[in-house]
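You will see two complexes here that share chain A, one where it goes with chain B and one where it goes with chain C.
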Partner chain A sequence: MSSGTKTQTPSAIESHPPEPKESREWLWSLILGLVILGLVATVPVLGDASALHTWTLIIMFVVLAQSWNFIGGFTGYSAFGNVVFFGIGAYTTGLMLLGNQPFWLGLVAGALVAALFAFLLGLPVLRLRGHYFAIATLGIAEAMREFVTVRDVGGGGGGLMSLPLPSLASYVGFFYAFLGLSLLCLLITVFLTRSRFGYALIAIRESEQAAEALGVPTYWYKVGAFVLSAVPTALAGGLYAYWATGFDPDTVFNVSVSVEMVLLTVLGGPGTIVGPILGAIAFEYASFQLQTSGFSLHNTLLGLSIVIVTIFLPQGILRLIREFVRKPAPGTPRANRLVEGVRRVRRFIAANGV
Partner chain B sequence: MAFGQVFVNWLLLGSLYAAVALGFSLVWGIMNIVNLAHGALIIVGAYTAFWLYTQLHIDPYLGIPLTMAVLFVVGWIVQYVAINRVIRAPLLVTFLLTFGLDLLITDLIQQFFSSDLRSINTAYAGNGLDIGSTHIAFDHLIAAVIAVLLTAALNYFLTRTRTGNAILATGMDRDAARLMGISIRHTYALTFAIGAALAGAAGAMLSELYPFNPSLGGTFTLRAFVIVVLGGLGTPWGVVAGGLVFGLAETVVPLIPGVGPGYDDAIAFVVLVAVLIFRPNGLLGKPFYS
Partner chain C sequence: MSDALSQPTGSNDSSHSDEREASCHDTPLLQLVGVTKRFGGLAAVNDLSFSLQKGEILGVIGPNGAGKSTMVNLIGGSMAPTSGAIFYQGHDINRLPPNRRAHLGIVRTFQITQPFMGLDVRENVMVGAFFGQRGLDRARALHVADEVLERVNLAHKATFKGDQITIADRKRLEMARALATNPQLLLLDEVMAGLTATEVAQAVELIQQINETGVTVLVIEHIVRAIATVSNRILVLHHGRKIAEDKPSQVLSDPRVIEAYLGERYAKRRIQEENGVSSITLEDLPQNEEDR
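Now for the complex of A and B:
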């Protein structure tokens, strides 16, 4: 035994991989994100009114997915009720507009109210974990919808709210406002992948107990992430309120919007920089195309996509692609790379099965 | 309202809620899956009973075995084709998958039966037993009795039969159960099928008692969750306890001056958070499954 190890030891040291260079992945992701948003920015110039309408909504979903990513992707907490912040933003902004306040002030108020709400809600709810957290957040969205409906907050019966029409020229403004919000979320995401705060959130996702043991105040970081994800969601809600001019609790507190945020992020890749953008654009674009072609089974489609995504892309498109192109073991013939990649992807999918 | 009447209403509602949550508790306890499609399965049960009643003129209560059989098959297929494939995935994935199934099932029912509010009016719907000023409706009483019988049957099945023991063993330790020669794939499919069949029974009973439409599934899922959390995972009788406590909250809270009806989900949510903070293991339960 000894002679064998002796001869092997020096070669083992030589073949030891050098210290990995700092990954530049974040930079490429940021550039890719900027390019995508830049391309989308040309829609008002190149497209017609209906394209503008569709893309405004698509970018809104991009923002929703990006902000869900802060809590769901980074800390791994399955928040299923984030639509509640959207609704709060919409109703606060709406009430401010009805009180003859300027629109921007309404947006700010909506963001502040949602942030406060997320903070106060997060204090009890973020003590829960796993299923309990998920259902508690789902429950708060339902409870809030019920409350707004029963108390008739909008004043139009059953919580319905009607706002004054914004001027027609401003629809382009709404589009760029959503796009700007998305850009902001992109920058925050990059910041999260590169900062102490973001590392703490990822540590919570990987092992909350280990993070706690290393002295990370996990509870307060989670509350911070929850508030951080509430603010852009509320801003999107406020923008949506004025853009749509009329809405009811069933629209802005709709739990399936919450679930769409989760789906879009999971589809792209939770915890990644461009994942939510890619997932949201791909899914929502396809969904709008189907709707305009007269396909009426929207929820069937959404349900089926969820089933397919969760079974075949449990960690998103990006993760699957990475699995496919990962460097094969040394000595694998070039010709076998494709087969090897397919085999790896299949193994990756099957790993979740019984 | 007289105290006796409130008491009777509470008992009847509480046992009905036990039936609503029974299958949910089984699936969660054994497979650690929170089945968000549970409410949709209850709705499928309700519409199966409705279909049996309008097409074949079978009374919803007498048709319960048929409804359960239909749902058993549906549940088996769902588990075997879909959920078994993600059983080891992170929680988010299974959660999302069952929500997708919920959307899918609800939308399909809506296509077949439309979203109109339906109800079943049997000949004996108004009849009941009067003790003093207290009225006990027959249909509610039968439902409560069936709910208790189902709980007892599930308890017997799990603790006294070989197959039931296999299910419990799989819930306790999947790998050890596999080494004992239990087929995990089939046991899981069976567990989910039984859970779905129980949801079907609950749906059949609800269809006789209350008007229903396809969009009610979500509220039942939320309630089932709260009831299971209240009672604690681990035993079928815990579900009855949870159902009774939750029924109490729903019977009493609207009677408080200044609150009034209409806050069902809000009540459920407040009860849930309160229990999770003060008694994380439920009222009767033990931290049996993580």
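Now for the complex of A and C:
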């Protein structure tokens, strides 16, 4: 539609520069995300059973990172207790299975319970900001683990170690279920970057005060984002429960999983479309490689990554890549682009990290 | 309040504002009655009363710490008054949160600009369009945003991110976002501070244009000359109290105002020199006291 402006005289262009086109970054991000998930989809065909097992878990973490991104990345509220939704999903689905209900009903029930829990929990904690919000959510996850353990829910501290075995689904089926969930999260994320709802969340992240002044009912949007991040997490929990055919409270309410959700997202690029996917795949793959090569370095890697990310990559890998490929100033010789890109990345780290 | 909420979106609102003017020309658009805001022992705004008629441009000046921004916070709803009441179109709005006030048409800008960094300039403005007006789809909101950006002369930077623009453009963006909500009452908190003389002139012109579309404007500013040219009336705050409220020429020759702004000694000297007839010109007053 701006093609008409190109025929103007030079002076007219000077006073009225052609209107810039809308950024197509979301489209490229969507394509990149689809390509990555498409490549991962070949694992059951090309890989062996152990690869399938590893990648099932990796994709599960991709889903966890993607759903944390809704509240932590888009809305900017560092929720440190999102594992609680994972646990709720796992327990609800598990208990439903033990009650001889169909699996899909268990999944749906888990998602609903988690959504309701996120809503009720969000009402008080989303009145808090910054550190207070982070601490409050952290506390909830621990409290839930204790509660389940002490009150002997579904077997108490021992957890639900024996579920009815998977009858219909195979391991490949579970893999694609997780992958489908990840695809769903990808589409939701793309929707967020383009929609009224998503704009509101980003506005809340950048300046809650200004968002409020422009008419955004910030409180309810935050609660909405919290519920939105709870649902896929609970679905992943439900899938995990059946896939693992058993779990215990220490696993599904493990606070370090919460921390991992935060790390994976921040590592990849919080509030971006493919950031959580990249971050989760990179970190979890490295972690599994180390595990299978005999080192039990998962926690060390987790700790080191947190340090490195906070120092050098406060806005994630993706932001660095974006900085590298950004269009150089007009007149930059082609040969210098690489040098220019590296220089820009170094400048970016210097400005934002350390 | 419901009539403002159910206003048809996106339509040219001049006909509506005419109607409203006819129906409410006796009730002021905005009225503050004995409004006080205390922070501990300090009264940032002290027993402030004034009213604003539809279609006016009211300038508010005062030295640093006079309570101007607190006043904007009180009207905008991000602070609740310690005592007193604020009426909008005759309704008490004291208990309404900022977002509800925005829906009624009261929209503010921020002295310290707060662009949404993660969004580009156009998307920033779209937030205003999406949430200030009801039921806009994406295409409509885009259209509104482009229109507003054109008006504030920011269209050529529509795809810049919020942190890639200059301070003058950030001020424009604040205005653009507010305008996109289709406001009835626009509260401009120092939108000219830090701008060059040319940019100030553009801003003054823009405020006049906005006012001509039927928007009532309350403009807070340090730049006395700019505010004097643009305002119908000027209200002077000092230590949270209203010390003058009149036509620009009257206010700016008021000895109390000169004293508040330039200090007692200067005021005395002026008055001695002029032998009691104060004819201080606008140019004598500070152009820009921004540095803080």
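Worth a mention:
Basically, the second predicted complex is superposed on the first by the 300 of 354 C-alpha atoms of A that agree within 3 Å, B and C clash if a C-alpha of one lies under 4 Å from a C-alpha of the other, contacts with A are read in each partner's own complex, and residues count from 1 in each chain.
One rule holds for everything that comes next: a contact is a pair of C-beta atoms (placed from the backbone, for glycine too) under 8 Å apart; a residue touches a chain by one contact, two chains touch by 3 or more.
In this text, all values refer to a predicted model and were calculated from it rather than measured experimentally.
For the composite obtained by overlaying on chain A, chain B and chain C can both be accommodated side by side without a clash.
In the overlay built on the shared chain, the residue A:142 is in contact with chain B alone; chain C does not reach it.
In the superposed model, B is the one of chain B and chain C that contacts more residues of chain A. Of the two partner chains, chain C is the only one touched by A:203; chain B is not.
Applying the stated contact rule after C-alpha superposition, one finds that A:213 touches chain C and leaves chain B untouched.
In the superposed pair of complexes, A:194 makes contact with chain C only, with no contact to chain B. In the overlay built on the shared chain, the residue A:125 is in contact with chain B alone; chain C does not reach it.
When the shared chain is aligned, no partner comes close enough to touch A:48: not chain B, not chain C.
Here chain B and chain C sit at a least CA-CA distance of 11 Å once the structures share a frame through chain A. Within the complex, the chain A residues that touch chain B are 72, 76, 78, 80, 124-125, 127-128, 130-132, 134-136, 138-140, 142-143, 145-147, 150, 255-256, 259, 262-263, 266, 270, 297-300, 302-307, 309-311, 314, 351-354.
Per the touch definition, chain A reaches chain C in the complex via residues 16-17, 19-23, 194-196, 199-200, 202-203, 205-207, 209-218, 271. Those residues of chain B lying in contact with chain A across their complex are 28, 34, 82, 84-97, 99-108, 111, 184-185, 188, 218-219, 222, 225-226, 229, 262-266, 268-270, 272-273, 276-277. Those residues of chain C whose C-beta lies close enough to touch chain A in the complex are 76, 78, 97-99, 102-103, 107-108, 110, 114-120, 122-123, 126-128, 130-132, 138, 141-142, 146, 155-159, 162, 177-178, 181.
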